[in-house]
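Two complexes are shown next, each including subunit A; its partner changes from subunit B in the first to subunit C in the second.
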Partner chain A sequence: MTAATRWLRHNLFRTKRDAFLTLVFGALAIWLIYKTVRFVFVTGRWTIIEVNLRILMVGRYPEVHDLRLAVTLIVLAAWGGLLAGFLRGRQFRAGRITSEDSKLTAARVLDLFERLWIPLAVIVLLLMLSGTAGPWLMVGLALVAALAGRLIGPVFGRLRLGAAVSAVIMLVFAAVPLGMYFYVVTAVGFDGWGGFMLNLFLSVCSIILCYPLGVLLALGRRSGLPLVRLVCTAYIEIIRGAPLFVLLLLANVALGFFVPDSLAPATSTRAIVVFTFFTAAYMAEIIRGGLQSIPRGQIEAAKAVGLSPIRQTGYIVLPQALRNVIPAQIGQLISLFKDTTLAGIAMSLFELLNVSGAITSQPEFRGQGLIAETLTFAALMFWVVSYTMSRESQRLEKRLGVGSR
Partner chain B sequence: MTADDSDRTMPGDAPVFADATAISGDAMIEIDAVDKFFGDFQALKNINLRVGTQEVVVVIGPSGSGKSTLIRCINRLEEHDAGRIVVDGTELSNDIRNIQEIRRETGMVFQSFNLFPHLTVLDNITLAPRKVRRMPKAKAEALGMDLLEMVKIPEQASKYPGQMSGGQQQRVAIARALAMNPKVMLFDEPTSALDPEMIGEVLDTMKDLARSGMTMIVVTHEMGFAREVADRVVFMADGQIVEVGTPEHFFENPSEDRTKLFLSQIL
Partner chain C sequence: MTATVTSRVPLWRNVNVLKWVAQLVVVAIVVAIVIWLYGNYTENASDQNIPTSFDFLDNPAGFQITGNSLSQSAPVRDALVEGILNTLRVSIVAIVAATVLGTLVGIGRLSSNWIVKKLATVYVEAVRNIPLALFLTASLLVVVLGVFPQITDAWDLAGLAIISNRGVAVAWFNGSGVGLLLLVALGALAWYLVMRWRGRVADRTGALPRSGLWGAGAFIVVLGAGWALFGYSYTLPSVVGRGTEGGIRIDPSFFALFLALTIYTASHIAEIVRGSIQAVARGQGEAADAIALSGFQRMWYIILPQAMRIAIPPIGNQYLNLIKNSSLGAAIGYYDLTLVAQTSVGNGSPAVPAFFLTMTVYICISLVVSAFVNLANRRMMLVER
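Moving on, here comes the complex of A and B:
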């Protein structure tokens, strides 16, 4: 009996009932895989994606302003690389990693590939579908920028930085995507753009804005000052009690009652505001859970060595609290990312899901029932980003978990 | 016990021993008529105690007698409801700056260590000197390494608390408290959470500290330590100081019935 047959016996055919279940579910799985593969490679009519790739990705963004898109992508890639490198440098400085870990070994390259092969494969697929040289050039430059950022980042990360300088750097890092948002939208007016780019911008801007707000709300809800506690609690409970969809509709419609149209912010900006306020309330409760997980002794020890209340929170309580609830936080942020599709329905923003529906009624594709193809494509896009976020968060958790209790 | 020893302990004079404020030399800590309530429960009843500079006072007593509450009041982990507490000439008030000034001068060691699990051993020690005393990093780390040498675990500097034994963690906690160069050290049952084989190493560190002239208040159940190191032993029960005396007096010839009962139960 070989190892393979022994494994089969042990895991799949140990008893008659096991054998029965294996056969039934095996057949079901094979049938599902067959159908999926057949849909993807045989029956699926993917021309609609190929033809509409541009509109799916960036909406009706005018081609004359393509340079802005390229600049944005390259800047954000460099930003991402710089951030990753900077954080690695900080960890190096904190003694969490050594120069031994920083050597470029085959194992590290393999690890990086294992982490990123799915998003990379999808990017390559999109590039192949695009059929022109522009996107290749753009993505190539973006990769170079990301790599450069990753190599330069650790240099800054290892520097000695005072609290004030660190705060400024954090703010600059946080401001970059917001700045790029305005850079991209000012060219076309706020509502002349869309596609998957819009989903990404909505979620990235909202994530950056909601996180500090969530932390402040969580701390406020535990504050010793009754008024602060009341305001924070009321905010959290009111926002959490309202459906996101309703809030988006309200932001779209009811704002006109209070503010003249000329002063009201653009729809996409309103969406960012709603997502920020909504997610902040949920983040606050998640972070409050983290705060509650910190034993009283930690705060007593921080007090006993003479740390001020702000430093007790900043150096002792928050770092541990935030780390303890990474999975729940990332879950909420992934949820925010997927909820950006609601902005398409509630506010008629031309984001990916809306585009996916709209393109099936183009003259050359109308009445052919291509919604399955376009929705599959949209689902793939969302899945890849969500999955990557989830994977990276697990890695982050492991990294920061060094020395945990 | 020899006749000479008992001569030193001023035999038989109960009122003298019950006065916990009589000390020779300067007072580092003055506790006058302190009351503390938890709801309706009175945890401290009219506590009067003075601790002299470089004196080692060991506080013993049954659980719930208020001994931990007493030392937690000194650095305002608990707020006393009446009376006054003066540490090195500064009276403890409700002003946060005043509280922090006193906390900077008093190191505290807890029963459950309370090391910061997300920081390395060295960072645990250097955090307060750097952030509160604004000491440069290099200087703080040199100080941290000196203190780790003193508690005999310099090789553990880059480890995290979770990777160490309880005895090692408690020694790091002592080093962390000493890093602020305090004038007083408060020990709140420092060996009660330790496995028996690790108690010795922590007590040795505390003995070294006492010999170096540190003013210490130690809440403990280690009678051997009290006998060997204490200048005075304070016995508390039901939120009151029942008896105060030298270890010789206290263990050989206690005057109060409550003390005798307690000693007969634990010895």
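Moving on, here comes the complex of A and C:
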């Protein structure tokens, strides 16, 4: 018996029932593959995507300001590379990894490629669809910047700097994304974002903003002060009981009632406000899980060395608690990212799902039933980001050993 | 002793006093924020002459709900109740379907059959990472309005269901719905009692219990007897002109919402089921093999009952998510609670009270469902020593 037939016997035709399942589901699989391939290469009319690629990705962002987007992407790539390299250097300094671990070997490159080939393939597909040189240049420079940052970062990470110097560096470092944000937004005003960029922007903003509130709520719900606990629990349970969609509708028509006219926010700000307060409640529950996973001995040890309650929490409990629930936090980020589509429906924000509906009624594409094509494109975009994040989170989960201890 | 110690500590260093001061400060801040928001709201509302009371519930709704006999002059209250019923309808049907599909896919992911495993994995990984709103749009615009045929050449499933882009018509019963529901409840009770009786018989005599078969038989007997006794009958759908007659007509928006909710939630349930099955100790399956249970028996009697114990809390969470997600039906024109509230706001009901009422209803539904889930969880929980 050859290896192939043995494999077939073992995996597909072990018993009669198995053979039956194989035939039924094999037929289903072949039919699905046939349909998909036919749709992608034969029946699908993808001109609408090529023509509207820009509007799908960045909405109505003015073309004259494209340079701002490119610069922002490159700076953020360098920033991310620096951060990753810096953390690597710190780990090295702390003796958690050896210099062998950071050598760029062929195995590591292969591993990196295996992890990231799907998003890379999608990026290449997008670049090929774009048909001009600008995006290629932008992505190429961004890659170079990220690589340079990654190579320079460890040097900073290994340095031993004074407290004042490192505080200044931290501040500058934190200021970079904020500066980039203003650089992009001053070109168009607050509601000028659109397309897939808006989905990414809304989710990143909300996830960052919800952290302080989420941590406070989690600590409050576990605090020994009954009134504080009551307030936090009530907030968390009320928000978790209400659908996000209704909260968005409420914010869209009614947020203006609750604040003075001078504070009445732009639509995308409203969306961020809702996403932030909504995600904070879920984040609080995740962080509470992390807090519960900290052994009592840790707090007792912190008390024994005479740390104040605030330092016990800040230096001992929270860092471990947050690290223990990183995968769950990424899961929340993914679901927030998917939920940004609701802002398009409830608030008519011009995000990717809304755009993919709207472009089918352009004069040259109207009435041709192209919604399947545009929705497929939108689905691919959402899928590739969520899938990559969830894969990376699974990898992180394995590395941190969460659940296996 | 302690009393003398505390009495020597000055007030501003007394931990007990400080704790209460801190709590009062927190509560004061929260109350201040609420008062500020509420003040702004009443002021802005009175500036624009918008009522803040719930009197609008008695005003005529001024719109009609698809598939419902409620007239336009019916009060908003009745329309909202109809909306709540619609929300519950789609949620219950989708919860049942998603549980069945999710469990099957979850088991499929652990199958020894390569094709089944791959298909289940592709399903989960594809569906979980795409927004529900996108599925919803696709299931209405692509599946129902695109793939389903015109009414003139509708798909006819053995006369039991007629599928076209005008919706789905399925065979249905004639008679009181509440009565039938009671009958089903009675049947379920009979099922449960017969199962317990068979269990006792098996314990006493050692005969094969076959409690599932006996129970299902009792259920069918009770239902059939009731059906005949109370004179229920059924009608089959048929195409008449450009519509269908007979049976029950399921609106395209209901069908699309049901489809999207089921497919989406099933992918999450599948992951939970897979995780729970993997969490059941390996020795349990090996023991089942050792006493020569069949694959089905091994799954049904040994693995699933133990896996369900682990799975109940997260699956309950998915049910809650599904109910809340059903509010998205508003986006495709399904008259659930959200769309009724939204439409009535469009027709002049004040937005803030209307949406607050909507939120309160969802929160109440969530609380009731989570109470049931907790109950189930307590009953299934392993009693250790």
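Simple rule for what comes next: the second predicted complex is superposed on the first by the 362 of 405 C-alpha atoms of A that agree within 3 Å, B and C clash if a C-alpha of one lies under 4 Å from a C-alpha of the other, contacts with A are read in each partner's own complex, and residues count from 1 in each chain.
In this section, a contact is a pair of C-beta atoms (placed from the backbone, for glycine too) under 8 Å apart; a residue touches a chain by one contact, two chains touch by 3 or more.
Values in this document were obtained by computation on a predicted structure and should not be read as measured data.
A.B. asks: Looking at the overlay, does A:231 come into contact with subunit B only (first), subunit C only (second), both, or neither?
C.D. replies: After superposing on A, A:231 lies in contact with subunit C but is clear of subunit B.
A.B. asks: Is A:306 in contact with subunit B, with subunit C, with both, or with neither (first, second, both, neither)?
C.D. replies: Only subunit B is touched by A:306; subunit C is not.
A.B. asks: Who does A:151 touch here: subunit B (first), subunit C (second), both, or neither?
C.D. replies: A:151: touches no partner chain.
A.B. asks: Check whether A:338 is in contact with subunit B, with subunit C, with both or with neither, and answer first, second, both or neither.
C.D. replies: second
A.B. asks: Identify the partner contact of A:259: answer first if only subunit B is touched, second if only subunit C is, both if each is, neither if none is.
C.D. replies: The answer is second: A:259 touches subunit C but not subunit B.
A.B. asks: Between subunit B (first) and subunit C (second), which does A:242 come into contact with in this model arrangement: first, second, both, or neither?
C.D. replies: The second partner, subunit C, only.
A.B. asks: As a test of reading the superposition: which chain, subunit B or subunit C, is in touch with more residues of subunit A?
C.D. replies: Touching more of subunit A: C.
A.B. asks: Of all the subunit A residues, which ones make contact with subunit B and with subunit C?
C.D. replies: No residue sits in both footprints.
A.B. asks: Considering the complex alone, what residue numbers of subunit C touch subunit A?
C.D. replies: Checking each residue of subunit C against subunit A gives 19, 22-24, 26-27, 30, 37, 40-41, 44-45, 111-116, 118-119, 125-126, 128-134, 137-138, 141-142, 146, 295, 324-325, 327-328, 330-331, 338, 341-342, 345, 351-352, 355-356, 358-359, 362-363, 366-367.
A.B. asks: Going by the contact rule set out above, which residues of subunit B touch subunit A in the complex?
C.D. replies: Of all residues in subunit B, those touching subunit A are 75-77, 96, 100, 103-104, 106-108, 110, 112, 114-118, 120, 123, 127-128, 131-132, 137, 158-163, 173, 176-177, 179-180.
A.B. asks: For subunit A, which residues are in contact with subunit C within the complex?
C.D. replies: Within the complex, subunit A touches subunit C at residues 11-12, 14, 17-18, 21-22, 25-26, 28-29, 224-228, 231, 238, 240-247, 249-250, 253-254, 256-260, 334, 338-339, 341-342, 344-345, 353, 357, 369, 371-372, 375, 378-379, 382-383, 386-387, 390.
A.B. asks: For a test of understanding, state which residues of subunit A touch subunit B in their complex under the given definition.
C.D. replies: Touching subunit B from subunit A are residues 94-95, 160, 295, 297-298, 300-309, 311, 315-316, 319-320, 323, 400, 402-405.
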